[in-house]
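Have a look at these structures, which come just after this line.
What follows is a pair of complexes built around chain A, which joins chain B in one and chain C in the other.
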Partner chain A sequence: MDKTIEELHELLTNNFVTSKELVEEALKKSYEVNKKYNAFVTILDEAKETPVSENLLSGIPFGIKDNYSTKDILSTGSSNTLKNYVPFFNATAVEKLLNVGAIPVNKTVLDEFGMGGTGTTGHTGVVKNPWDSTRMTAGSSAGSACAVAAGVYPYALGSDTGDSIRKPAAYCGIVGYKPTYGMVSRFGLFPFASSLDTCGVLTRSVKDAAIVIDNMKGLDKLDMTSWDSSHIHLYQSIDGKVENKKLCYIKELCSIENYENPTEELKMHLENFKEKIKLCEKLGMKVEEISIDQKLLDALPSVYVAISCAEATSNMSNLTGIIFGPRGEGKNVTEMMMDHRTKGFSPLIKRRFVIGSYILQKENQERYLKNAQRVRRLLVDTWKNLFKTYDAIILPVGSGPAKHLDASKDLLTKDTKVLEEHLQIGNFGGFPSITIPDGFINDLPVALNITGNCYDDENVLNIAYALESAMPYKNQIAKEISHE
Partner chain B sequence: MSRFTSELVDELAEKLLIGLSPEENKMVLDEFAIIDENLQKVEDIENIKNVEPMTHCLDDFTFSLREDVVTPSIPIKDALKNCEKIEGREVEVPKVVGGEN
Partner chain C sequence: MSKYKAVIGLEMHCEFKSNSKVFSSAKNSYNEIPNDNIAGVDMAFPGTLPVVNEKCIKDALMMSIVLHCKQPEFMYFDRKNYYYPDLPKGYQITQMTEPVGRDGYVEMECNGEKKKVFIHDIHLEEDAASLDHYYDTSCIDYNRAGVPLVELVTEPCLHTAEEAVTFLETMRSIYKYCDVSEADTKKGQIRCDVNISIMDENAIEFGTRVEVKNVNSFGGVRDAINYEIKRQSELKDAGRYHEVEQETRRWDEEAGKTIRMRSKVDAIDYKYFVDPNLPKFKIAASWLEEIKQEIPLLALERKEKYISEYGLSEYDAGVIVKEREYAEYFEECLKVGIDAKTACNWLTTQILGQINEKEITLKEFYLTPNLLKQIIDEIKKGTISSKQAKEVFYKSIEEKKEPKTFISNDMTQISDQVVLEEIITTILNENKNQVQEYKNGKDNLFDYFVGQVMKNTRGKANPVLTKEILKEKLES
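Up next, the complex of A and B:
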């Protein structure tokens, strides 16, 4: 299971390995990884081999984030409010993968309902980073990132509302791809913030990401925001030809001079990024530094919280424990719902609901929600203007390698906040965006991100593929560092 | 300037049918203070009020209304599968009309 999808497919078709053996290996590895890093809500012991066809995914195991509905399989959203919920239907993306013979072997832990970036708020506990178990995986696709990095299988499904695929991929040294909004149907994905939610995948190579999304995407009558992408062939389009492609990076985020008292890790991360810019140039691409209004960038984290909280508050009002979920106690329906929601939601979710509710009050909408949506447009327009000149934007992911589990996210220094959160712009605009590993700091992986214009996924993946091919981090499996 | 007070937080939580501990109440206030401060700066952006709020990420998004065709709905058995208390084909809840409860 430490191989790429192409390699596994070749082994299967040449009878060097059977689908049954792959399933057995993935299940065995699932138990090992769960014991060490707590990556799974459910391990599917009953998973069975499938016939190997021409489809590259046939006969190969994979993981599903636990906010995808899976028929007759527990689907919790990593929340106590759904700890016993078993859907009677599959999410469209899952159904499409099952139809080509892909084999789910586990459901992975997330931050509760995807509303977190640490991998620490799932109802089954903290997910640990397989490179260093004292560090976080980031989130919300924490278990998926952990499992793929640990070599349980070549890919796992994720969802991305702010950076929930791309940040954990970075912290775990793997690839995280969020396609253009609506390319993959959201039907059956537990909604968090519907105008930002995107289905995607975590893999160990760019080509694997292309293969998986080719099989997940498509117009779905059950998701009115999905669109016809039958003209897009991600895997076939990857040729690594990037000569004369134009990229840009943002000075305000990438210059060390912009940070007061930068940590050694941040310095190394940004130096490493600059080296990768030179690598892009060596590959024949043109890379330019551009400048963005700092005021717009500074507003970003709060704009994201305002929009996502408002949408989430509305989306999750159906979690009452009455028609599904564990029943609360009380002498009337209101008390029962109150008990269910009070006990079921974690403190993080509760505070986001309250903030969302305040923002949605009629008298507050103009100042908070509408202004946040206005900044969203200004940022997206700025990015779209850049895409008139540049094929993609290349930026470092986060301020360095994975954070320690005991370091609260809130303790991050104020001036690295935008560097930590800039991937959210990809969700504001629905842009295709991919994170690939680009180096190591103190034996821990760091990453860069490539984001392009809507519907330009082929171009984004091709640039990522060219860079990946010029670096030694493709298909890497986590090697846990020693603290002795 | 915020009118976002501890009492208001509890009031909103009550409407959302969630109970907050004093610590959780304080966490909400602290987080909101940062949002309020940052969105205050947004007011200073030139001509911000002239910008059309963006509610959806695909600006070329089009959709057509489906034909109103009756399709099979889910079996009641499936719909009730995740409900902890049912009676026959119905969800069981305490009486909500015609009494104290």
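Up next, the complex of A and C:
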């Protein structure tokens, strides 16, 4: 299971391995990984092999983030509010994969309903990083990132509202791809913030990401925000030809001079990024440094909080324990709902609900929600303007390798907030965005991100593929560092 | 009557017709079995998404046009957020930012006078589930959750209960004429909120507004308004007008009074915002034009036409336009060649009498205009009398057989010259004495001979022809 999808398909069609053996191996690995890193809510012991067809995904196991609705399979969103919820329908994306013979073998842990970036707030406990179990995987697609990095299977489904696929992919040394908004149907994905939520995938190679999304995408009459992408063929369009492509990076985020008291890790991370810029140039691409108003950049995290919390508080109003989820106790229906929600949600989520409700209040909407939407528009317009000149924007992900689960162990640099959170722009604009590993700091993986204009997924993947091919991190499996 | 002037505004909710619900694929139809017409999204299962029903938007736009409203450039939907067990998502999808229509008016006829009622806005939303409360439990039926609901908000421009009810009746007629709703209060398809205040006759500023929620019948609207006018007037007369509070009350049908629910100060903040699951889309001018073409002639327009073009009385025209199917039946009669007055007489007396008695609709009524024409033609030809025509009419609908089956057999008059001559010759031969007397000048015996012919033919002899032949024979 440490191979790419293409390799596994080759082995299956030549009968060097059977689908049954792959399922058995994936299940065995699932138990090992769960024991060590706590990556799964459910392991599907009943998983059965499927016939191998021409489809590259047939007969191959994969993992599903537990905020995808899966028919007859527990789907919790990693929340106590749904700890006993077994849906009667499949998410469209899952249904499409099942139809081509892909085999789900587990449901992966996330930060409760995708609201969180640490992998520590799921109702089944903390997910650990397979490179270093004292560190976090980041989130919210924590279990998916952990399992793919640990070699349980070649891919797992994720969802991305701020950076929930792309950040954990970076911390776990793998590929995380968030397609253009609406390319994959959201039907059956438990909502966090509907205008930002995107289905995507975590893999160990760019081509694998292309193969999986090719099979997940498509117009869905059950999701009005989905669009027809039948003219887009991600896998077929990857040719590695990137000569004369124009990239840019943002000076304010990438210059070490911009940070007060930078840590060694940050210095190494940005240094490594600069080297990768040179690599791009070596591949024939043109890379330019551009500058963006620091004020606009600084507004980014608050805009995200305002919009995502406002939408989340409304989206999760259906979680009352009346129709599904454990019934609350109380003398009347209001008390029952309150009891269910008080017991069910973690403190982090409750905090976000309070923020969201506050922002949505009539007297606060203009100041907070409307202003956040205006700044969102400004940021998106700025980025769209860049895409008139550049094929894509290339930036480092985060301020270094995975953070410690024990926060006191992390030395922090001031002013890295925007560097940590800039991937959210991809969600503001619905842009296709992919994270790939670009090096190591103290034996821990770090990553860069490539983001392009809406509907330009083929181009974004192709640039990522060219870079990936020029670096030695393709299809890497986590090697746990020792603390002895 | 109160000496004060009442100011009344209405919010009228009406469930619309469609195959599936407004944002879900579940069936939209009245269903006695609870929780039978439901899809995942109606119960807000995690991950389900609303998908808007184009037909519902079209119907709502049609109403917007009929009410002379301005249509927005883009279609938006908003979420109205609040917790209640009948609202599974925790929010209702409605229109706040850009309702489907704004600033319109509708003409109505109240006490023979025309009046314009101004429309603040009309918008499309989804209905909530229905709750049944029992002694220690409550049951939720999600059949109604997601049923298309159109809310109409008038300006505060009505002044009496009668005006308010006339407005509601006018709107019900429009909805039914346009075939967008059954508009049946008995099925709970129309529900109203009423805003009422009173003021001195010549005052400029409105009084304190009281809202009465969930009035579910037109009679209820009338009674609630009258009750509130009386209540507020009495307080004002007693110098206690300050006790009229800006508040929400509900109408207790059984007690016949309004009861305080909450003060407006405690009004709920619904935290409206645009629903990101339903992307805004442009309303094409060509689409609006298409919809405009589909709007039928409405009751008031038809009434005027019937009076001026067909010479019907105000009263008769009023009866015929009461329901679209009456008007259509009437117009179909004209099309098959029945003249307007005859069609009107048959429709307003025999036919409406029948369908009211049998409690059926005109669509279910056996005798179509084409079949009715068979009877009317025979009267014209003189083959049957109007008394016989009525008999044919009842027999035909009783046995569900074409009128001509009853006319061609034993109902038809004997109009055959040869047959009649034979009968008359026989009778004259059998009454030679009377013939002689007649010829001698006893003129009144003529009626005796006619009577004999009728007796002989059991009344079927064509009276005109009979007289002609008799005269000819007796005078020869």
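Note that in this section the second predicted complex is superposed on the first by the 477 of 484 C-alpha atoms of A that agree within 3 Å, B and C clash if a C-alpha of one lies under 4 Å from a C-alpha of the other, contacts with A are read in each partner's own complex, and residues count from 1 in each chain.
Just so we're on the same page, contacts are C-beta pairs under 8 Å (C-beta built on N, C-alpha and C of every residue); 3 or more make two chains touch, one makes a residue touch a chain.
Note that the structure is predicted; figures quoted are calculated from it, not measured.
Asker: In the superposed arrangement, does A:K350 touch chain B (first), chain C (second), both or neither?
Answerer: first
Asker: Check whether A:S69 is in contact with chain B, with chain C, with both or with neither, and answer first, second, both or neither.
Answerer: second
Asker: Taking the superposition as given, does A:M224 touch the first partner, chain B, the second, chain C, both, or neither?
Answerer: both
Asker: Given the touch rule stated above, what does A:N442 touch, chain B (first), chain C (second), both, or neither?
Answerer: In the superposition, A:N442 contacts neither chain B nor chain C.
Asker: On chain A, which partner touches more residues: chain B or chain C?
Answerer: If we count touched residues of chain A for both partners, the winner is B.
Asker: Just checking: does A:G77 make contact with chain B only, chain C only, both, or neither of them? Give me first, second, both or neither.
Answerer: The answer is second: A:G77 touches chain C but not chain B.
Asker: Looking at A:Q294, would you say it contacts chain B, chain C, both, or neither? Reply first, second, both or neither.
Answerer: After superposition on chain A, A:Q294 lies in contact with neither partner.
Asker: Where does A:A310 make contact in the superposed view: on chain B (first), on chain C (second), on both, or on neither?
Answerer: A:A310 contacts chain C only, not chain B.
Asker: Have a look at where A:M337 lands relative to chain B and chain C in the superposition and call it first, second, both or neither.
Answerer: In the superposed model, A:M337 contacts both chain B and chain C.
Asker: Examine A:F324 and indicate which partner it touches, taking first as chain B and second as chain C; both and neither are also allowed.
Answerer: After superposition on chain A, A:F324 lies in contact with both partners, chain B and chain C.
Asker: Common interface residues of chain A with chain B and chain C?
Answerer: Residues common to the chain A contacts of chain C and of chain B are 85, 88, 195, 221, 224-225, 313, 317, 320, 322-324, 333-334, 337, 357, 369, listed in rising order.
Asker: In the complex of these two chains, what residues of chain A are touching chain C?
Answerer: Interface residues on the chain A side: 68-69, 75, 77, 82, 85, 87-89, 91, 186-191, 193-195, 221-225, 310-311, 313-314, 316-320, 322-324, 333-334, 337, 357, 360-362, 365, 369.
Asker: What residues on chain A touch chain B, complex-wise?
Answerer: Residues 84-86, 88, 181-182, 195-196, 221, 224-225, 227, 295-296, 298-299, 301-303, 305-306, 313, 317, 320-327, 330-334, 336-338, 341-342, 345, 347, 350-351, 353-355, 357-358, 367-378, 380, 427-430, 454.
Asker: So in the complex, which bits of chain C are touching chain A?
Answerer: 40, 43-52, 79, 81, 83, 85, 88-91, 138, 140, 269, 271, 273, 275-279
Asker: Applying the document's contact rule, which stretches of chain B touch chain A when the two form their complex?
Answerer: Spelled out, the residues of chain B in touch with chain A are 4, 8-9, 12-13, 15-21, 23-24, 27-28, 31-32, 34-35, 38-39, 41-45, 48-49, 51-58, 61, 63, 66, 74, 78-79, 81-85, 91, 93-94, 96, 101.
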